[in-house]
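Chain nomenclature is as follows: A, B and C, assigned in order of appearance, with residue numbering initiated at 1 for each chain independently.
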Amino acid sequence: MQRSWRLGIFTVVAAFGLVLAACGGDDDETSAVGDGTPLPPVEIGDVDVLGIWGAEELEKFDAMVKPWDDLYTGNVTFTGTRDITAILTTRVEGGNPPDIAIPAEIGLFRQFASEGKLTPLSACQGLEEKVQAEYPASFIDLATVDGVLYGFFMKADTKGTIWYNPKVFAANGVEPLGADASFDDLIALSQTLLDAGVTPWSVGVESGAASGWPGSDWIQQIVLNEAGGEVYDGLIDGSIPFTDERVKAAWEQFGQIIHTDGFVVGGATGANATGFQESAFPPFESPPEAAMLYLGGFASGFIADQFPDAVAGEDYDFFTFPGGGITGAANIAYAFNGDSGTCSLMNHLASGASQQIWVDLGGFTSVSGEVDAAGYPDDVSRNQAAQLLEASDFRFDLDDAIGGAVQTAVFTAVTEYISDASSLDAVLAGIEAARQ
Amino acid sequence: MAMTDDVERPTLAAAPGSPRQRRRLRLERLPLHVAVIGLALLWSIPTIALVVSSFRTPEEIAGSGWWNAIKTPFDWTFANYDAVLSQRGLARAFLNSIIITVPASAITILVAAFAAYAFAWMRFPGRNLLLLVLVGLLVVPVQMTLIPVLRLYVALSVDVEIPLLGGKLFGTSSYPGIWLAHGAFGLPFAVYLLRNFFGGLPRDLIEAALLDGASDMQVFFRIVLPLSVPALAALAIFDFLWTWNDLLVALVFLGDPNLAPMTLRIANLVSSFGASYQVLTAAAFVSMAVPLVVFFALQRYFVQGILAGSVKG
Amino acid sequence: MVGRRWWVPWLWLAPALILVGVFLLYPSIDTFRRSLLDERSQDFVGLDNYRFIIENPQPLVSNTHVALWNNFLWLFVFTALTVPFGLVLAVLTGRVRYEALAKSAIFIPMAISFVAAAVIWRFMYEFNADIGTANAVTTQLGGEPTAWLQDKHSPLSFITDSGPDTLPGPLQLNNFALIIVGTWMWTGFAMVVLSAGLKGISREILEAARVDGGNEWQIFWRIIIPILSPTIVVVATTLVIQALKKFDLVWVMTGGRFDTDVVATLFFKEAFVIRDFGVGAALAVVLLMWVVPVMVISIRRFEFQEEIR
């Protein structure tokens, strides 16, 4: 007992020593401003930002705000959490909101805006004009509540990307589809691959409490391209119910992928039991276990992380979801006050020049018109930005736009439908029940 | 069950007797060893999997089971530990965790011990009902308390910087604020456990002391606390652990990266889509080191028969 | 008892009562108030939020019936596994030389953060049999890979082909898979607290019993268990309450999906994801009420302890 106790102490002392050694050289709080003539920093308070980023994203965000930090006396205190809805709700209800929030969810933003908790962009000098001039109209509309612009989208992701292994396609003599293809062409492509002995799809919808969202992404793309934008918008504002025949047809088309024997790695059970991240791996393993997967633009990050030697464009690439209409999601930045520090940082985050920093570092798709596309590290990421900005028809993520109880109901409906194809009518009615 | 212990050796005390006798005992104790080692191994499987995974690359983790690392020549990598330990500000976060946890646990234990003494050895109206309410609040989920407490803190905020320690004097982004919150969250269990142990102490001992003119304070510090060392040690272990591993309360009250504990730093190792989560395997062991030391250190106080001859059968 | 001035006990209690009052009681009362208000806590809606829990109108969003049944399952199965395991381990490890080592093997899961525990148990339960430990074992034995955390079938159908495919209520494979993780984490707690109690039993009593010819089995049942019973009650009560408020583990493993929700996860979902504070608060109140019978039983135990000492 004594010995293991001492061993424990030793372990910790050693671990502590390691920690200290590893972190010895990080006292860079006193940052020199500029190299030659140091400008005196402008007096401004700290700005408290709540966001979702961690790991590399956080480092790149830090790089993006570094010029701002250098210019002012205040610092950006960034708190990152993946449970941002809960933390932001708690802090807003508790009367202690951050200065700026940058979550991925727009339903929450709408609610805060309509409750009068947010500060309009017009409260910051020049900010509204800048956003109006430099951002696409569809994104400005999304950030406008009751005619007032409250936020801007600073990191976007297209959800119109079908990722595939070009080598598997070449070996089996199939071509990626063009944007003018139809969903039936996608089914035909899948069948061709299956006949050649290749499992066409990798699907994984598991994502903790939000399990089902990748399936919801599938369905929203199909709704937009097969049923059209009006049906899509109707689902969001509630004028078209989920039980509508056109919507049901879209779910059944998703069912064609998920419930056809041999189309999906692990079948429908596998789709429900596989994490969305892990689902990005099978097409690019050696040997590949599938040919394609459908997941948003962020999937390129999963692939690049998992297969560091894979070359974008050669080992993995994407083609546009058949039909040409594109859905996407984005982080929206909004402010809870109009203090000089908050405004100054909002201006900084909205500017193309500062977003360019993150664009150049990779892993960032900007919708600002001021960002130079040459900065994207490769064609695959450049094409994602182009897809988002040049889409004939763009819509914000369906369930994110609805939010709240209906969003939760959609996710549950997706996993229920995947595990039991016969439950479709019941689950669609269940979504409508959640509209109250 | 393996209750075949010999008569002479109720504990791990060295066995007397001849070598032959000892051999016989050893054989008789075989089922005991099988049971203990078997259960310990069974419980260790996930832990071992975590240890092994922490030394593997992301490709390996997502490509093959952890047991493959044991079967085939193992390609060790310290990349995960490197990612955790080289995080900017980790040393400060480590310090913050200690700054948060030690006073918070001390508050819980001390305050609970006072209350438990009153519940166990004093008579006053409504005693049992009060205990019921107090301990019943153990069921309150922390999430439920956050918004009301946050409102309170915003109202009571004292915006004076504490020298050296950092943070405000009280309210959000303040250490005293989070000490009290954690101290309170740990109280129901602490009062419950200590009330039970204090109540089990022999009445003769305590009443005799009081009749001899000892004050409650003297009885509390000189008799009750020393006799309850195993319970206090067990409580300290868990209270320390729960506070140490907390992420939620810190996220709400101490979001400032300069004040935040290690759990928050570690959570930030994972990207918004959950990428590079394999780093968490290494982070688990880095953050576990301190609670384990507390466990080993306090285990010394689990000594058999501290109450020698004093508990009635 | 010795005569004291009436306010002396309150002086000893004051710090605890103030802290608990501010940080736990006041939020509980506030929650009760909110449970009678609408989703934004503005208008009085009477018992509508409680009616929501009873009528379960939105099973795809918050299946309140499933959550209530699952709480029952957790309550019984989790406690029934953890307390005996903890007791047996506390008794057995006290008798071997490598006590500290064996105990730390059981204790470590308690020290692992929930996030890390989730990482490792997701590997245990991973569907892909090349990676998932449980499925690797299953397929080695000739079975099919199982979606442990998603499968709502009965555990019996997994063990035998002849068993019923589904069982009523919460008796789902994935619930049991989660409870196993809970048991893995919390047995260390039961063991440590019980072991602290065990060390309080004087050596003389045990030796006297042995001299009187009692075998270990009799000593365990007739001496250890009765003396330890107050501690067992404390441990069992704490674990019952842990089972009731179980949140972190379910939230990080399944998020309550595939009918694994419990009342605490539904409360969180309603209050912080869907932002219906009314229903969320009502669920929290249900949680609070559930604890009353548990506490009444265990406080009786305290009264009993006072009578005999």
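The criterion applied here is as follows: a residue touches a chain if its C-beta (ideal position, glycine included) is under 8 Å from a C-beta of that chain, and two chains touch if they have at least 3 such contacts.
This one's a predicted model, so the numbers in the text were calculated from it and none came from an experiment.
In terms of inter-chain touching, the protein chains here all touch one another pairwise.
Taking each chain's centre as the mean of its C-alpha atoms, the one that lies farthest from the centre of chain B is A.
Annotation: A-B is the more contact-rich of the chain pairs A-B and A-C, by number of C-beta pairs in contact. Rounded to whole angstrom, the centroid-to-centroid distance between chain B and chain C, based on C-alpha atoms, equals 17 Å.
In terms of their C-alpha centroids, the spacing between chain A and chain C amounts to 35 Å.
Shared contact sites, meaning residues of chain A that touch two or more other chains, fall at 1, 4-5, 86, 90, 93, 275, 278. Counting partners per residue, chain C has 99-101, 104, 268, 271-272 as the residues that reach two or more other chains. Shown for chain B are the residues that touch two or more other chains, namely 62-63, 143, 147-149, 267, 292, 295-296, 299.
Residues of chain A touching chain C in their complex: 1, 4-5, 85-86, 89-90, 93, 108, 111, 115, 206-212, 266, 269-270, 272-275, 278, 404-405, 408-409, 411-413, 415-416, 419, 427, 430-431, 433-434. Residues 1-5, 7, 9-12, 29, 32-33, 35-37, 39-41, 43-47, 49-50, 53, 61-67, 107, 111-112, 114-115, 117-119, 121-124, 127-128, 130-141, 143-145, 147-149, 152, 180-181, 183-185, 187-189, 191-193, 195-197, 199-200, 202-203, 207, 210-211, 216, 230-231, 233-234, 237-238, 241, 245, 247, 263, 266-267, 277-278, 280-281, 283-284, 287-288, 291-292, 295-296, 299, 302-313 of chain B touch chain C in their complex.
Remark: chain C residues 1-2, 4, 6, 8-10, 12-13, 15-17, 19-20, 22-28, 30-31, 85, 88-89, 92-117, 119-121, 123-124, 130-133, 136, 184, 187, 189, 192-193, 195-197, 199-207, 210-211, 215-217, 219-220, 223, 226-227, 230-231, 233-234, 237-238, 241, 244-245, 247, 264, 267-268, 271-272, 284, 287-288, 290-292, 295-296, 298-299, 302-303, 305-306, 309 touch chain B in the complex. Of all residues in chain C, those touching chain A in their complex are 40, 57-62, 99-101, 104, 122, 127-128, 145, 147, 149-150, 251-258, 265, 268-269, 271-277. Those residues of chain B that touch chain A in the complex are listed here as 58-59, 62-63, 82, 85-92, 94, 143, 146-151, 153-155, 172, 248, 251-252, 255-258, 260, 264, 267-276, 279, 286, 289-290, 292-293, 295-297, 299-300.
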